[in-house]
Amino acid sequence: MIEMIDVYKSYPNGVNALNGINIKIEPGEFVYIVGPSGSGKTTFIKMMYREEKPTSGAVLINGKDVASYKNSKIPLLRRNMGVIFQDYKLLTNLNVYENVAYSLLVTEETRTRMKRRVMDVLELVGLKHKIRMKPQELSGGEQQRVSIARSIVRNPKLVIADEPTGNLDPETSIGILKLFEEINALGTTIVMATHNKDLVNNFRHRVIAIENGEIVRDEVKGEYGYDI
Amino acid sequence: MIFKSLFYHFKESWKNLFRNAWMTFASVSSVAMTLLILGGFIVMTMNLNYITQGVENKVEIRVHIDRTAEKDEVTAMRSKLEHVKNVKSVEFSSKDDELELMRESWGKNSSVLDMFEQNNPLHDVYVVKLVNPQDVEKAAKDIESIDFVDKLQYGKGFVNNLFNVTRIGRYVGIGLIVGLIFTTIFLISNTIKITIIARRREIEIMRLVGATNAFIRWPFFLEGIWLGTLGAAIPIGILSLAYYYLYTNVVERLNVQFLQLLPPNPFLYQLAGILIGIGSIIGVLASLMSIRKFLKV
Amino acid sequence: MIFKSLFYHFKESWKNLFRNAWMTFASVSSVAMTLLILGGFIVMTMNLNYITQGVENKVEIRVHIDRTAEKDEVTAMRSKLEHVKNVKSVEFSSKDDELELMRESWGKNSSVLDMFEQNNPLHDVYVVKLVNPQDVEKAAKDIESIDFVDKLQYGKGFVNNLFNVTRIGRYVGIGLIVGLIFTTIFLISNTIKITIIARRREIEIMRLVGATNAFIRWPFFLEGIWLGTLGAAIPIGILSLAYYYLYTNVVERLNVQFLQLLPPNPFLYQLAGILIGIGSIIGVLASLMSIRKFLKV
Amino acid sequence: MIEMIDVYKSYPNGVNALNGINIKIEPGEFVYIVGPSGSGKTTFIKMMYREEKPTSGAVLINGKDVASYKNSKIPLLRRNMGVIFQDYKLLTNLNVYENVAYSLLVTEETRTRMKRRVMDVLELVGLKHKIRMKPQELSGGEQQRVSIARSIVRNPKLVIADEPTGNLDPETSIGILKLFEEINALGTTIVMATHNKDLVNNFRHRVIAIENGEIVRDEVKGEYGYDI
C-alpha cells in the first residue's frame, strides 16, 4: 500500500527532516510511528498525503509515486485516505456536523446517506450531542475527536493519524484505539504517529521508530521502547 | 457532478457572507463607494456631453438679408447657402417671424414692440445650421461673400473658446472614466482579495481533506457575485433616486437655458447595467484570482 | 515607559509591513488609488475655480463715450460711473488706445487698420469692472441712463448663462470634494481594518501574554502612519509630475485664452500636505479603531 | 494564592462548564488538574487568568477578585503568571526567540538582561538551536516547548499549564516536569491540567479531579486515578 524508497526531505530553512527512509507498509497493517519530538514523524506522514514532496526518493501509494500527481489530481489521492492532523485543522466557520460532513460533500455523497454516516461517526467519538457547536466552542480533546471523526467518515482504505490522542484522557484514548483496531480488522490500513507509551505497549502492533529522520527500529508487535 | 452540489454551494456562499459579517460589510461598502464614484462620474460626463451637444446644435448663423433683395434673389440666395460647405440646413424666417421671436423673448415688456407692427425695422433672415458647428468661423467667411448678405449674427470668439474647452473636457472626461473604471476594478479586487487572504487557512484545509479546486472555488465564485451585486445595488439605488429628483425638480427650477439632462428612462438602466456588470464580474474575477494561489497545497 | 520601547515598536511596525507583504501592498495601493482620485479631483476643481475667477475678472462693461462729449463732461462721466452701485473700477481708454488694442488682436492682418491712423472712427471708452460680475445686467441698466453714454459692450445672455453654470459647478465641485474626502476616509479605513481583522488572533495572544493595550497599539499605530504616508506618496508623485508637465507644456500650446492654471509652486505643496494628512491620519485612526474591539480579551 | 468560591460558568451556547467550584491553592503548591475530555479543566484554568469571567462566584488571585479587574488592568494580572495554553497560542509573525522575548518586552525589561534570560529558557526546553525559526517551521512538540519557555521566562510566581506535554515524547515530558519541580522548589506555584497518567503517578503532587464541572476528588500526593 505504502512504499518509501530512499526518501530525503530538507525544508527550505535547511532542516533535514528525513534522511533516507526506506519502508514498506502492506494493506491492512497497523503501524505506530514513534520517536522523540522533532524527529520527523509528521514530515514522514506529510509525505503520504503529499502535503510535502520528498527532496529526493520516491513515495509510492498503491504503487503510484505521489510526486507524479498533478496538482489538480492531489485531491483524488487524499480522498482515499483519512488524515488526523496534529493540529486538527478544523474549519472554524463550520460547526461539528459540517466539518465532518465536508469530507463526504467533496465526494458528492447523497444527502441522506451522508447524514446517517456523519451522525454514526460522531456517535463513535462521543460528540453526537455537540453537532451544532463551532470548533472554538469545544475543548481541546473534543476538537481532536472531531478531527478523528472526519478522518474515518469516508471509510477510507488508509487512516493516517498524527498524535491522535495528545489531548485525550487515557479512557477516551483507549476508546479511540479500539475504534482504530475495529476498522483495521475490517481491512483499513492504520498509520499512527504517537507519543503514548501506554497505548503502544498495551495494544501491540508494528512499531517504526524514527530518530533524526532515520528509521532506527522496525518491529512487528513492538514496544514503545524509550524507557526512562 | 458539479450541479449536484450547486445548491450546497449556493447556500454555503450565502452563509459565508454572514459568517464573515464584518468582512462582508467592509467589502460591500467599499465596492459600493467606488462604484458610486464611478457611477456619479459617468452620470456627470455623459450629461456634460449631452449638454455640450445641445449647445453645439444651438449654434446657428443668422444671415440678415439685405432689404433691397428681390424675391427671386432671396430664393437664389437659399440655394447658394445650401451649397456652402458644412451647411446642414437653411431655414427662412421673415421679418415678422423675427419680430414675433423678439416679442417672445422680451416677455411682459413686449408691448413696446407694438409700434413696430406697422413699420417693421427688422430684416428677413436665413437661419443656417451646420454639420460641424465647431467650424462656424470658416462657414461664416464663405457665407459673407454671397450677394445680398447684409450682416451675419453668431457668437464669434466665445463660441470658439467654448468649443476648445468642451473638446478638452470631453477627452479629459473619457480619460477619467477609463481611469476610474480601472481604479474601481483594482480597488474592488483588492478588497475582495484581502478578505480571501484572511481565509487562506480555510482553503488549505479544504484541499487537505480532498476537495477539488473546482469544489473549493464554487462558493468563493458565488460570494464574489454577491459582493459585487450587493455592492452595485447601493450606488444604483442612490444614483437613480438622486438623478430622478434632479431631473424632475431641480433642473426645471434653475431654468438655465442650455442645461438639459439625459432622460432617465434608458439612461438609468444603462447605468445600472454597467455598474452591476463591473461589480459582479470583478467580484468573481478577484475571488477566483486570489484563491488560485492557495490552491496548490 | 513607552519611550523605552519606542525603538522596538518602530522596528516592529516596519517589519510587520514586510511580514504581511501582500496585505501591505493591497492597503498601500488602495490608499494610493483613492488619494489619486481625490487629489486629481482637488486639482481639477481648484483649477476650474481659478479659471472661473479669471473669466469673471475679465467681465467688463465697455462704455462707449458719445463723440459730442466735451472734456469736462467726460471727466464728470467718470465720477458718475464710479458712483454706480457694484462698480469696482473705471478706466479710461482713448480711441487711439482702442485702435492699438484692435491692432494687437488682429495680429498679422492689422495693416488694414493703417488707414484709420489719421481718421480714427472709434470711440473713447470707459472700461468698467464690477465688484460682483454676476450682476452685470443691473449695472448696465444703471450705466445706460448716464449722459453721453453712446453704447455699452458686454456679453449679455451668454455671460449670464456661463455664470449660472459656473455657480452650479462650484457648488457641485465643493460637494463632490467633501463627499470624496469622506469616501476616501471610508475606503482607506476599510482596507486597513480588514488587514487588521485578519490579525485579530495575533492581538488576542498579545493580550493573553500580558501586553497592555498601549503596548499593543503602538506598532499598529505606526503601521497606520506608514501605510497612509506610503499610500499618499504615490499619488503626490504622479499628480505633481503630471501637473507640472501640463502646466509647462500642454496649456501653453493649446493657447486657449482663458485657460490659465494655478502656478505649481504653492499649489502642489498644499496638495501634498492635504493628501499626506488624510492618508496618515486616517491610517492611524483606522488601525486604532479596528484594534479596539480586539483589546477586550 | 488562588481561591475559588462557588464558581459557576455557563458559556453563551448554554454549556455549563463549571458547576460550583470551591478550591484553595496555597503559594508554592504543585497541583495537577485531571479529568476526562470536556470536563472543564481548561475552563477552570481560564478563570485564573481571566480569559473567561465566572457566571457566578468569585475567583481570587492573591486575595483580589479577578472579575473586579478593569479591562485595562488585566495585563498586569497576567504578568504575574506564566500560562501554557492548550493550543500554544504562538505569534506566527515572530520567530522562536521573539515569541519568548515578547513576554519580557511587554514588561519593559532591559535588552541585555532580556537576551540572556530568553536564551537560558530556550536552552532549558532544548530549542536553543532553533531561535530563528517561525512557529510554522517547528514540529508540534517544538511549538509546545516554545510555549513552555515563554511561560517561565518572566520568572512568574504562578505557572498555569494546560496539557503541556500532549505533544511531547515521555522523555521530554519528564524533562519538563522536572523543570517545573525545580521552579516549584524555588517557590513558584504550579497548576497543571494533564491527561498524562505516568507523570501524575510518578511525580506525586496534589491532584484535583474535575468531572462535569465539579470537583470530585482532591488529594495531597494523589494519583491520576482513572484506571482502566
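Note that the chains take the letters A, B, C and D in the order they are written out, and that residue 1 is the start of every chain.
By our rule, contacts are C-beta pairs under 8 Å (C-beta built on N, C-alpha and C of every residue); 3 or more make two chains touch, one makes a residue touch a chain.
Everything numeric here is computed off the predicted structure, so don't read it as measured data.
Colleague: What is the graph distance from chain A to chain C, where chains are linked when they touch?
Modeller: The distance in steps between these two chains is 2.
Colleague: If every chain is reduced to the average of its C-alpha atoms, which one ends up farthest from chain A?
Modeller: C
Colleague: Hey, how far is the Cα centre of chain C from the one of chain D, in Å?
Modeller: 62
Colleague: Using mean CA coordinates as chain centres, what's the gap between chain B and chain C in Å?
Modeller: That gives a centre separation of 24 Å.
Colleague: Roughly how many whole angstrom separate the Cα centroids of chain A and chain D?
Modeller: 28
Colleague: Please output the residue numbers of chain D that touch at least 2 other chains, ranges allowed.
Modeller: none
Colleague: I need the residues of chain C touching at least two other chains; which ones are they?
Modeller: none
Colleague: What topology does the chain touch graph have (line, ring, star, complete, other)?
Modeller: Drawn as a graph, the chains make one closed cycle, so a ring.
Colleague: Would you mind giving me the full set of chain pairs in touch?
Modeller: All touching pairs, sorted by chain label, are A-B, A-D, B-C, C-D.
Colleague: Using the touch definition from the top, list the residues of chain A that touch chain B in their complex.
Modeller: Going through chain A, the ones touching chain B are 49, 51, 71-72, 74-76, 78-79, 83, 85, 89-93, 102-103, 105-108, 150, 154.
Colleague: Mind pulling up the chain A residues that touch chain D in the complex?
Modeller: 11, 13, 15, 34-38, 41-42, 86-87, 133, 137-142, 144-145, 162-163, 166-174, 195, 197-198, 224, 226, 228
Colleague: Across the complex, what residues on chain C touch chain D?
Modeller: 1, 4-5, 8, 16, 19-20, 202, 205-213, 215, 295-297
Colleague: Within the complex, which stretch of chain B touches chain C?
Modeller: Answer in residue numbers: 22-23, 26-27, 29-30, 33-34, 36-37, 40, 155, 157-158, 161, 164-165, 168, 176, 180, 183, 186-187, 190-191, 193-195, 197-198, 254, 256-259.
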